[in-house]
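I've put the structures underneath this note.
What follows is subunit A paired twice: with subunit B in the first complex and subunit C in the second.
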Partner chain A sequence: MIDYLREIISGTWSLFVGLGITIRYFFQPVVTVQYPYQTLPMTPRFRGHIELVKDEETGETKCIVCGMCQKACPSNCITVNGEKREGVKGKVLTEYTLDFTKCSLCGLCVESCTPSAITFSKDYNLAGVTKEAYIFDLKKRLEAKN
Partner chain B sequence: MHVDPEIIRLLAFLIGVIAFAALNAAYLVWLERKEAAHIQRRIGPKEVGPFGLLQPLVDGIKLMTKQLIVPAGVDPVLFKIAPILVMVPAIMSFVTIPFSDTLVARNLDIGLLAIFAFASVNVLGLLLGAWGSRNKYAVISAARVVSQNVAYEIPMLITVVTLVMISGTMNLSKIVGLQMGGFWNWNILNLSASPLMPIAFLIFFVCMLAETNRAPFDMAEAESELVAGTFTEYSGMGFGVFFMGEYANIVIGASVATILFLGGWDCPFGLFPGVHWFLLKMYFLIFTVIWIRWTYPRTTFYGLLNLSWKILIPISFVNLILTSAMLKVF
Partner chain C sequence: MSAFAESEAKETFVLNLGPQHPATHGVLRVKLTMDGEYIAEAEPVLGYIHRMHEKMGENRTWAQFLPNTGRMDYLHALAYNHGYVSVVERAAGIEVPERAEYLRVITAELNRVSSHLLWFGAFILDLGGFSPLLYAFDDREHILDLLESVTGSRLTYCYFRFGGVYNDIDDNFVPGTRAFIKRLRERMPMYHNLVTKNIILMKRLQEVGPISAEMCRKYGATGPVCRGSGINFDVRKHEPYSVYPEFDFDVPVYDQCDSMARYMVRMDEIEQSLRIIEQALDKLPEGPVMAEKVPKILKPAKGDYYHAVETARGSFGVRVVSDGTNTPYRLKLRSPTFSNLSLFGEASQGMLLPDALALMGSLDLVIPEIDR
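Right, the complex of A and B next:
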């Protein structure tokens, strides 16, 4: 008889404890992020598609057109071209194209880049209707940024 | 031209009662979704109108545009009459509920009995709908609903009999009238009549949850086992009417609990009694019903029946005997 009553009382008490937990949650602020209207800051280690890094001193790319990224790429999605110019030391970058339709985001290009001229972008809003929209001209993107 | 004021009164209350039942059914869905969302720290409906307030309207339009499918092999009469059998008694129960000392459609001397009589028609509607559906999930669900309602009607009615013994009347207005003058006069704290009165309220509330098939006693539409239970074969507004009937029954249950235990339209401090206090208490109880749904998982069927037969019925009997003894002695 005592056990019967004790079970009822402890059971009822546990139910009230449960109600207490849910009502606490009820009054806490919501954690939903309304995505198209609100966004969370992207984590620093997010690996998006690659992007050229701007040299803070010259305002130009850091790329020396060595072609190491092109060689390192297992999917052959990077095309780098450069030319020799009068009065400029080394080669000048004329084309840097990333075929993002084939890229597997492995990061070997970023790892192999000696002057740290490429990095991962934080761009994740990637939706489009044509395949051509994903052949990125990274040089133009860098110039558009300036 | 002379019009009998009784006819105007009748029409006003008819429209008022139906509007109250329908509006409550619609907006309790909104309240349920909002409350569920906030308990889970989400936002809930927010796109349709400010704070999603037009959501019930849009839901209603969506349900009405859907075809009312009557599957082959169903009993056409029972299948069609069942949603109405659930909705109509729920609306009829509102007739006897006194919202304040003047706001009552029909002040019946047997109001309490009438409400419980109407409430049992609800089960009949669910049973007929399930049987008429010719669907095994629906029939299993109906069997559960009936045994659940039989099991929980007993402790509920024993508790109500206790209250009728204390009040000496079945007139709901008079029951509230006896509790006027502050919260210490309410039946829930009427410890001089029986020291078990708060527990009697708990029993009544649990039985009310079970009678209206609310979680954690929603065995009737245990989605994981029975698809949608009784409502499996219903589409469009057929389902919608069942759903509205269910919410109307919750409003009735909360109203009866308010009247019997929480002093109806009485103010807790004896100031300004009125319909606002009734609505405040009633909606607090409804809030609790939804709060309970989003706190507890569904019980097993045996757990449900054991709770009634092994715990609620014995305790409510003890309360009945104690009350009658105390009424005799004091």
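Right, the complex of A and C next:
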């Protein structure tokens, strides 16, 4: 009988302790951020979809069309094509397509790239209504930036 | 009304729990044969999120399987990463630099804390308490920020590579982690006051959902489930891998066998993980984070290799059979939750439905890992 009463009293007290904690936190500053009105800074290593890097000297892509990224990709979402041109050493990039519908953002392509011709973009607000909107022509994107 | 069925089931009906049910945390379906409020028979039905990870591994190069490991158990992705890279390193005979091993341990333990915090929130949510989830997510957010700044992603990390880690930590990581450890240590008493000592929680968990040590052995349950039943088994201690033998930590074991014991094991494990991280930060050596001379196209020697790691849910083992080519011949993944779930049918017999859901929550199920 005494144990029963003790349990009722200690049990009720435990509920008040819990309520006390929530009330204390109620008066503390808010920890959430009102997205999209406020945003948090992004870390430099954020892995977005890939993007071609511009060579500062020539203004062109650094890609040498070796196809390593294409081979490294686990989901086969990269297509790279190039052609031989007269007077130019090595191959010239003609097509760089990323099928973002299949990409899982693992970053193995960026790691495999010897001339560091691809990097992660900072795009995360991606939304669209067609599948085609996510088949990115990265070469065109780079040219549009210039 | 007693907690267990007193007589044989006479008039039963079938109740489908899931595959879309908040308490089953994903797409698990449990076919329940009910006798009133009591469970006469429970049969977990799997396969709703089967993605053939093992077959995928056999159809791509060794390195291309790395992103998959994080997608099996998305709550403790780094331990799965660790298991897979370790077995391939064993197969290919790659030596890992010490700094890389330390970084692996620190990040994997941080990930374990985040996994336990999420489980804590979700478990209390299963029992009907909403606010602890928000407190747990507040702390978990700090871990996600720390790991994001190092690995580049917030959930499906893919940080470890054969021979080391993807890249070194940034300047902010060590002070940030120390600050987080201090913060979480201050918050733990709050969690115990808010939740552990709460009379409603104690009444829901104590002496509910008994899983005997015998049952754990029979079904191969590992992790907090078997440690809550008095079996002292932790891969980190008993089959040490990586640099774990260098740290001083305890394996929390409770022998009450009820849901409360499993709850307490996980809460104590958070503290033990913090201890490991603290020691690892103190001892963190300088040096490279990637082994030299790791071949770009990996072709491990012919043979059969196995490596087990301790994840937040138990022992995860990877077995690879290499035939000397650039793809694995066979990749077998032994996931802990599959065994932990298997005992649910036997353990829940004769239990009240709400108690069985508390038992299921205390198993800490991650469905994509069961189905793989």
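Keep in mind that, in the parts below, the second predicted complex is superposed on the first by the 105 of 146 C-alpha atoms of A that agree within 3 Å, B and C clash if a C-alpha of one lies under 4 Å from a C-alpha of the other, contacts with A are read in each partner's own complex, and residues count from 1 in each chain.
Everything that follows uses one rule, which is that contacts are C-beta pairs under 8 Å (C-beta built on N, C-alpha and C of every residue); 3 or more make two chains touch, one makes a residue touch a chain.
Treat the numbers as computed from the prediction; the structure is a model and nothing was measured.
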{"item": "Subunit B versus subunit C as contact partner of A:108, first or second or both or neither", "value": "second"}
{"item": "Which of subunit B and subunit C A:17 touches, first, second, both or neither", "value": "second"}
{"item": "First (subunit B), second (subunit C), both or neither touched by A:26", "value": "first"}
{"item": "Touched partner set for A:94, first subunit B, second subunit C, both or neither", "value": "neither"}
{"item": "A:43 touches, of subunit B and subunit C: first, second, both or neither?", "value": "second"}
{"item": "Between subunit B and subunit C, more extensive residue contact with subunit A", "value": "C"}
{"item": "Residues on subunit A lying within both footprints (that of subunit B and that of subunit C)", "value": "12, 15, 18, 21-22, 25, 31"}
{"item": "Sites on subunit B touched by subunit A in the complex", "value": "35, 37-43, 202, 291-292, 294-296, 311, 315"}
{"item": "Residue ranges of subunit C touching subunit A (in the complex, touch as defined)", "value": "60, 63-68, 71, 131, 135, 138, 141, 145, 148-153, 156, 158, 166-167, 170, 190, 193-195, 197-200, 296"}
{"item": "Contacting residues of subunit A [partner subunit C, same complex]", "value": "7, 10-12, 14-15, 17-18, 21-22, 25, 31, 43-47, 72-74, 104-108, 111-112, 120"}
{"item": "Touching residues on subunit A, where the partner in the complex is subunit B", "value": "8, 12, 15, 18-19, 21-23, 25-26, 28-32, 34"}
